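In what follows, chain A forms one complex with chain B and a second complex with chain C.
For the complex of A and B:
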């Protein structure tokens, strides 16, 4: 099957969807909606010979208030590559799971859920796959997540910035001098954490 | 009585044998390299015949329990830091930890990335760092020789600092691993309770109706 024949067929089957040939030969794009995407993918898999789901990727369109999901499917028989695109609402993003069509879509959907917050009802496992299990922030690949602010707050706290020579000094100095510096850092951190300052002499070696 | 005895023994040992022990320690180091980032690519040339790390008595080791030297070669994410701490605590004393490259020092080019920690010495004691992105084998060997000097002089005592200031390190570690509140406010997951398809569709209808 050639690309033109496939486009013709797809237009026939899905008159409401946009079927667009891409610049590169052998590539096409189908823009559809959330309600019809499972139908489109089922048709591609079973009728049109697209046996391989390469990946599901997400795109955050912040200005439009939408998240785009792109299903990349490939046909080894016809050497054709097809992108199926849908857009979902950014405030309440969800899409139908396709892990019954391709079993390996399950971790892809898990990843999309992790990094874009798109929910797939029916997916058996949507726990954290790549992010740490204690992650409770916004999905990090959304455009309004500020990685710099997060990094500065968590990994470079104010009290450490003011004492950034701590490690180098403590490496060079030993004895009472280092003890005094470490003690001051401890007290400072305790003050900023809102704990009671530690008593002198406690825990001294 | 026991306490006094132990303290005396400790002092005795430090004054008499520490220098001698340090001399042997610095000359036979088993190295465990934690290949988290790109730094691991510099180690094979350092180990093999051209630069030949083994002439300084440094050799690779497979497990943390038998290693003296832990190399953190490259950036560390929150998740790997947990494993690094675990490996470090398994090692026998005396143990030395080397931050390798820019990333363990101050985050390097990943200083503004959300998964990568910026200062390794906040969580585990670092005995020596080798700056560079990545350091060449010459720099690595230079760093190791400096570490050997530190060991001889008794300055590489990160394991002792870790024991003495454990509360401080533990508190910093807990800030990452035991935090209950999100760092950035203002995010609420609408699917936190994992609703079923029917619930999701009902909520979708409700939202559409509200918009109209």
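For the complex of A and C:
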């Protein structure tokens, strides 16, 4: 089957969905909705010969308030690659599971649940695979999760006092509070080494 | 006796689960600190005697948050993170990322760069195969194989050092091509190393692949049919061992593979057990050496020219809006990068498809129950399960 023939068939079967050829030869894209995606993937697998599910990627579109799921499927026989995209609401994200179509979609969905917070009702195991079980923050691959902020919260500011390097990092990140920390470190070092602490606003003589 | 030990709250504790046929069922941590385990990964096995009843993958100990970190770093800074996604076979990651960026930028690597990429990719494959073949020996107690093959791998790393300045993480590819041309006499040096590797193959055959102990341990272990492998997401040598004739290098050629003759070998026909998968790697090892010779013969005839397409200053690189999926055939199979750009100085999203997840997580749950505890390491070694690309 060629790409043009597949696009023609897909348009016939799924008139409501966008079927777009991509720039590279042998690649196409189907934009569909949550309700129809299992139908599209079933058709691709059973009728069009797409027997290889490569991966399911999640993309968080913060400004649109949506999370995009991209199913990458490949046909070994026709050497065609198809990207099936759906978008789900960011506040109540859920999608149908496809582990009945491809059994190894189970860990992929588990991972997306873990990192984007998308629920897959019917998936047998949505426990944490990679994150610790007690993880209570936002799903980490969402755009509003800030790893720096999380680290600052996790490791107490006292911890940064231990060396100058960490104090200088804290300075960059936390403004006035860090300045206080640096000053205390400098004072401490002055006390130990017997130097006079630097005064504010004065250059070196 | 009911034992509860040492792990903090929320983690699984080692405990007696039940009793069956006079045996007690315990859960047992296989890894992350186990000689048969590759990297910081583990399975929690429910054991009845020496037989596995249930498997829970215990991943996450190698999670470094690369996908999130890449969203914060510039396009070119990410090149330092990417090879670390797969430790033993780093170059496919670089090439897949660079190809996706090139697709978005609309540039193409020059011919010389494509050949250099091919040669580094194939040499990276050889290093990974040597580790894999040695790993099969290591998993069943034949440690000589591991040590001896590591020596061969070191010869290849020397040639990497001569080309890129680094031994393990080369960071040789950049969007648009490669960092530098091969130094004078480098191709001949590689050919010399290949001769040495080839002369060692009969020894490896005697040590591992014709060894009756290896046969006794691997024959009949965990068979997979071709249909299961195709539908189950298995890729690369694991898929080809079942008789399937699929290879990204032939089906969707990238770099210079379109101009080379990539051999297809199948160790099994319709079905593959652990022994077939080990033999498959051995067949592909020899084919890879021949492929490098072929590529070098062609690369030597190329006229000198640029090795990098002009994409402007790399630290100010901005990639046009869009998305691209690029895949390469690594030593373990298809490695894919899905990259989304919103036109900024950093990627909007980088999603990595590693080859180990379907086998390491899903297949482990379905295939390991019923297997004896001493075969788990051999099972992992022959399926080439690599934990860094599961955790990322």
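Brief remarks follow.
As a working rule, the second predicted complex is superposed on the first by the 156 of 205 C-alpha atoms of A that agree within 3 Å, B and C clash if a C-alpha of one lies under 4 Å from a C-alpha of the other, contacts with A are read in each partner's own complex, and residues count from 1 in each chain.
The criterion applied here is as follows: contacts are C-beta pairs under 8 Å (C-beta built on N, C-alpha and C of every residue); 3 or more make two chains touch, one makes a residue touch a chain.
Not measured: the values here are computed from a predicted model.
Shared-chain residue A:140: touches chain B and chain C both. Once the two complexes are overlaid on the shared chain, A:189 sits against chain B while remaining clear of chain C. When the two complexes are overlaid on their common chain A, residue A:91 makes contact with chain B while staying clear of chain C.
Legend: residue contacts after superposition of the two complexes on their common chain; A:132 is shown touching both chain B and chain C. Within the superposed three-chain model, A:103 lies in touch with chain C and out of touch with chain B [touch as defined at top]. Judged by the touch definition given at the top, the superposed model places A:5 against neither chain B nor chain C.
In the superposition on chain A, A:119 makes contact with chain B only, while chain C stays out of contact range. Shared-chain residue A:149: touches chain B; no touch with chain C. When both complexes are overlaid on chain A, the residue A:59 reaches chain C alone and has no touch with chain B. In the superposition on chain A, chain A positions 131-132, 134, 140, 145, 147 are in contact with chain B in one complex as well as with chain C in the other. Taken together, the chain C residues at the contact with chain A in this complex read 10-11, 57, 59-60, 63, 65, 67-69, 72, 103, 230-233, 244, 246, 251-252, 323, 325, 327, 334, 336, 338, 340, 348-349, 351, 353, 357-358, 361-363, 366, 391. Contact residues of chain B toward chain A in the complex are 78-79, 82, 107, 111-119, 121-122, 126-128, 154-155, 157, 161, 164-165, 167-168, 171, 175-184, 186-187, 189-191, 194-197, 199-200, 203-204, 207. Residues of chain A that touch chain C in their complex: 23-24, 26-27, 51-55, 57-60, 70, 72, 76, 79, 81, 83, 102-104, 106-108, 115, 128-134, 140-141, 145, 147.
Those residues of chain A lying in contact with chain B across their complex are 89, 91-92, 94, 96, 117, 119, 121-122, 126, 131-132, 134, 136-138, 140, 145-157, 160, 164, 166-167, 170-172, 174, 182, 185-186, 189, 193, 203, 205.
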